[in-house]
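The following blocks contain the structures, represented as structure tokens.
Here come two complexes built around chain A, the first alongside chain B, the second alongside chain C.
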Partner chain A sequence: MAVRRGRGVAAINYPTGMNLGGDPSQALVHSTPTGNFMVTLSSVDLGQGLKQVISQICAETIGVPTDRVVVDTADTDTGPHCMGTFASRGTHRIGNAVIQAAKEARQVMLEVAAEELEVNAADLETDGAGNIHVKGAPQKAISIFDTALSAHFTRGRSISGRGMFLVPRSFPETETGAMKPATCYAHACTVTEVEVDDETGEVTVLTVKNVFEIGRALNPKMVEQQLVGGSWMGISHTLYETTEPYYPARDHGGSDFNEYLMPGPGDLADTEIIVLERPSADGPYGAKGPGEMCANPQIPALANAIFDAVGVRIDHLPITPERILRALKEQRRV
Partner chain B sequence: MAKVPVQFSLNGSEKAEFVDSGATLLAVLRGKAGDTSPKGGCHQGTCGACSVLIDGELRLSCLTLAETCEGAEITTTAGLAEAGVLHPLQRAFMDGFAAQCGFCTPGMLMAAKALLDRTPNPTREDVVEAISGNVCRCTGYEPIIQAILAAARANSHNAA
Partner chain C sequence: MRLAKNYFADERRDDLNEIGQGRPRADVPGHVTAKTTYFADRNFPGMLHLKMVRSPHHHARIRSIDTSEAEKHPGVVRVLTAKDVPHNTYTILILIQIGPEDEHVLAEDKVRWKGEAVVAVLAETERAAQEAAAKVKVDYEVLPAVLDMEAALKPGAPLVNEHHGQNYYMYDSGACRKVRFGDVEKGFAEADHILEQTYSSSPIEQAPMETTGCIAVPDGNDRFTCYTNTQAMFFTLDNTSIILQMPGSQLHLVGGTAGGGFGGKVDVIVEPIAILAAKLTGRPVSFIYSRHEEMQISSPRAAETITIKDGVMKDGRIVARYVKGYTDAGAYSRHSPYGAQKGAAHYPGPYTIPNVWADTYCVYTNRTPSSAMRGFGVTIADFALEVQMDKLARLIGMDPLEFRFINAYRDGDMKAHRQTTEGAALIECMQEAARAANWPVAEKYFALSSHPREG
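So, the complex of A and B:
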């Protein structure tokens, strides 16, 4: 009986969004009379940072500072259509819809500015700080504030835009069953080291080293936050969490935080996160969906590390001490 | 059922409430005193989201009867900022991206304040111990540990 050390590696591809009958999201953008921009969505931010990233995407497209954009996630009675924030689809699907809407709003904005400046709209550009000027002649300028006032009170124009991003339904080929269930794959690889006590079945995760390729990180700090928390959650899925430890029986299922186990702050592995950015061809400014993939590669990597340590393949989650001990017993019997 | 009068101080202002006998401090703070910064996660003392300071001691408001708080000084997350300036812990949590969905954050902040009030220069082990009664679903805890250590460093730097 001893504490045995093992190392495991796993690599994954992870899709952005899903396709069960078409995957649409819609966005509406309009300016206030003073040149702030409203993005109207039905897409919910439940802590993943959608509002921040959407405001960046809208601001970048229109050419205004991020703090000039207000995102209204509204509700499903009043907002435009969105399939929802799940399947790592928020940034990619909704971001693409916002770009389309913001481009249309920007075009109207430039047309109004062109009328005020008596120039051609195609000759105008934004400075990113709230002004529009003639290319090569920054002194020939108008603020977006004044442009919006003009649109509302003089020109009678609505600086607004409509955006819709749809991944059409993919039907399987009848001969082969081949289809395209998702788009825009992100990638990840995890290497982990564990210690397994072959007397108690207890697993201690020593290190978790993750590399994520997630397209362009539109907000690098928030991406890092998602990946650090997700790496912890991957360990939690692998070794701790279940509501039905003896599925399909519900016996001994955790019903509160005393019984539903997750690793606490004293159980953290030495964790490393490396982000690789390979901008995607169809994503908003090259983004992919880093949402759910963050907690995936740790699971097969840890299962492999446990195999490396004590020679048993556990193919049910979570990999509890009981399952390891039962497998070790079976291994000795054979 | 007869109501019980309770007077206490909440973040420095005097409160007088008639509470149901057996009502928790969490219910009174949120439902009567209008302070929704303590969160009700489990209502059985296992998640820490409802943590507050009572006379400087870290307590779970979901397991504290309001009527036992007569004359007590209660501090919640809503009382951390002074005159619109964030508390160093709040600043460190923000700068360090130590909140994601934010539900555990008030409890984490109070547990951290209770620690730093007594141990201004904590070790990592001190911080881990201090927040070990608080459950977080999003962050993996590491950003929270780092934020508390950063706030302690900022405090000792300012004091020096």
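So, the complex of A and C:
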């Protein structure tokens, strides 16, 4: 009886957005009189930070600092339709709608600035700090604050825009399955090391090294929080979680966080995250959806590491100490 | 976290002002100082609480329902049964033409899973609603139940859901979503080795910190405002409009920051009955799942069973793959027909395999309906696929990572569902993983890239 060490690898890809498309999202953008920008959505922030990433996308597109953008979400009286926050679609679908809306608003903003500066709108650019100036002549400038005031009270222009993004729905061919499930895919490869106690069946996850390719890390800090959380959920799915531990039997199901097993802080491994960025052709600034895929590769990587450690295959999730011990017993018998 | 900027550097602009910047989240100070408002932080004068009477049986006929004792319980304002719901039979994905309507807001003649909602009790306090719910008498005739997919698919198995007519979802392609590519039998005939293995999983709970719920408030003008933590506002609004036969213009849904979803808040369960209750009583109604309901009543990630048969050559090439995937939908569809067919195109994984046959089934059983959860249709498939890859590598005596390099898809490769691969990055992920983990890989694999193959 001993604690045995093993290592496993897995590699995966994951589609962005609702399978087969057909999942629209819309956005509206408008300026306040003092040049702040409101993004109006019916989309929901689940706590993953949708509002923040949408602010940055809108700010980049209009050419203002992120703190000049406010995002109003999740109200069906004010926000235009969004299919919902799921299927790794939020950043990709809503982000694209926001870019379209923000471009339209930016165009009006530049036209008003052009009238104020008596130049051609096509000759203007933003400095990203809240000002508009003539390309190559930064001294010929107007602030976005003054531009918005002029639009509202002098020029009678609405600095606003509408955005819509829809991946057309694909209908699978019935006999061949020819179909277009998604327009872009995120990728991952995970290597993990475990220790398995062959007396108790207990697994200790030592390290999880994840490499994720996500198109574009629009906000690297937020990408990190989502990828680390996903990696932990992968451990949880592999070794702990189920509502029915003896499925298909319906009993012994957990009813609260005491009975429903999940890893505690001490059960989480040393987690490493490396991000690659290969921009997607149709993503907002190249982004893909990493939300779901980041919890997937750890599961087979851990299963493979457990085999590497003790030589038994547990092909049913979750891989509990009981299942490992039963398999080890069977292995010794054979 | 480390950004490995050396990969794909020529495909990317790194000179943007806001994109690529790790700005602090504007909403986080509110979250960590308990200032953020969640739907349940609202309290309205005269607010009622809704509790469900649920089926204690996996499968039973309802002979009669007696609510008289419950109605007399102190604090009870109203008791609702199926006949109070204008359009009681529904299915969520009818909005995108994925029918048939197969589920009841409140059970009618039958219950099809242990926990199914039968009667809704509205009372002044949660406690009164809970106590009164215990006084509702339902006379059941218990029926034989099928709890696992294998039993459900056997000839003569009890029928779980009459709206489907058989214990599986009928796609336009038949009993399963199919992918057929190349000649899988020819591939197996040519293979040096064949490996067939079966993988399976148990249901998993989304486990958000905040349980599913909503508060419905009459505006006093035939409009109703519903504060909810749904993941999809208009999914909920449009389905509620159908169920309550009420114009969408009378519905106003307000969300906000939800306390986690993970797919568990995509079903439309609490809002229609809460809004109906608000309409019938003229009072605000709160319907919030207990932690028990969140764990055992709300839809989990489906259990799945996946059989993979692969033909592989000694040099590492996978030449044929045959997959049968089964998703346990439980008693009703919800999002399972969608999730089950998501696997069909996914089963080759991120690999180029010339001959593929995949069938994915959505199976009905007398279980808690499963539905959306982070990655459903793919997560368990990836477990099966990548354990299978490990077994195949060991079968032919090859390093598991090198085996994946040999089969990895590249731009320009044709996928089994007949889309050309573009934007691939699997090879580069594996190269970086090998470097980060000091996994010994032959030098030639570091020379590969996801760019199109030559010739």
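Here is the rule we use: the second predicted complex is superposed on the first by the 320 of 334 C-alpha atoms of A that agree within 3 Å, B and C clash if a C-alpha of one lies under 4 Å from a C-alpha of the other, contacts with A are read in each partner's own complex, and residues count from 1 in each chain.
As a convention for this text, a contact is a pair of C-beta atoms (placed from the backbone, for glycine too) under 8 Å apart; a residue touches a chain by one contact, two chains touch by 3 or more.
Quick caveat, the model's predicted, so the values are computed rather than measured.
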Please indicate which partner A:L46 is in contact with in the superposed arrangement: first for chain B, second for chain C, both, or neither. both
On the A-aligned overlay, A:E224 touches which partner chain: chain B = first, chain C = second, or both, or neither? both
When the two structures are overlaid on chain A, which partner does A:G264 contact: first (chain B), second (chain C), both, or neither? first
Quick one: is A:W232 in contact with chain B, with chain C, with both, or with neither? Answer first, second, both or neither. first
If you tally the residues of chain A touched by each partner, is the higher count for chain B or for chain C? C
If we overlay the two complexes on their shared chain A, which of chain B and chain C does A:K329 touch? Say first, second, both or neither. neither
Which partner chains sit in contact with A:K135 here, chain B, chain C, both or neither? Use first/second/both/neither. neither
Figure out whether A:D256 sits in contact with chain B (first) or chain C (second), or with both, or with neither. both
Is there a shared patch on chain A that both chain B and chain C touch, and which residues make it up? 46-47, 49, 221-222, 224, 228, 233, 256-257, 262
Chain B - residues contacting chain A, complex: 41-42, 44, 46-47, 97, 100-102, 127-129, 131-132, 135, 137-145
Quick check on the complex: what are the chain C residues that touch chain A? 1-5, 7-8, 11-12, 16-27, 31, 58, 96, 114, 147-149, 171-174, 177-181, 197-205, 207, 230-235, 237, 251-263, 265-266, 291-292, 295-296, 300, 303, 328, 338, 341-342, 344-346, 349-350, 358, 365, 367-368, 372, 374-375, 377-380, 382-387, 389-391, 400-401, 404, 408-409, 416-419, 422-426, 428-430, 432-433, 436-437, 439, 450
Residue set of chain A touching chain C in the complex reads 7-15, 19, 22, 42-47, 49, 51-52, 55-57, 59-60, 63, 65-67, 73-77, 79, 81-86, 128, 169, 172, 174-181, 184-185, 187-191, 209, 211-213, 215-224, 227-228, 233, 237, 241-245, 247-250, 253-257, 260, 262, 272-281, 285-286, 291-293, 295-297, 299-301, 303-304, 307, 313, 315-318
Under the stated contact criterion, what part of chain A meets chain B in this complex? 46-49, 221-222, 224-226, 228-233, 256-258, 262, 264-266, 268, 271
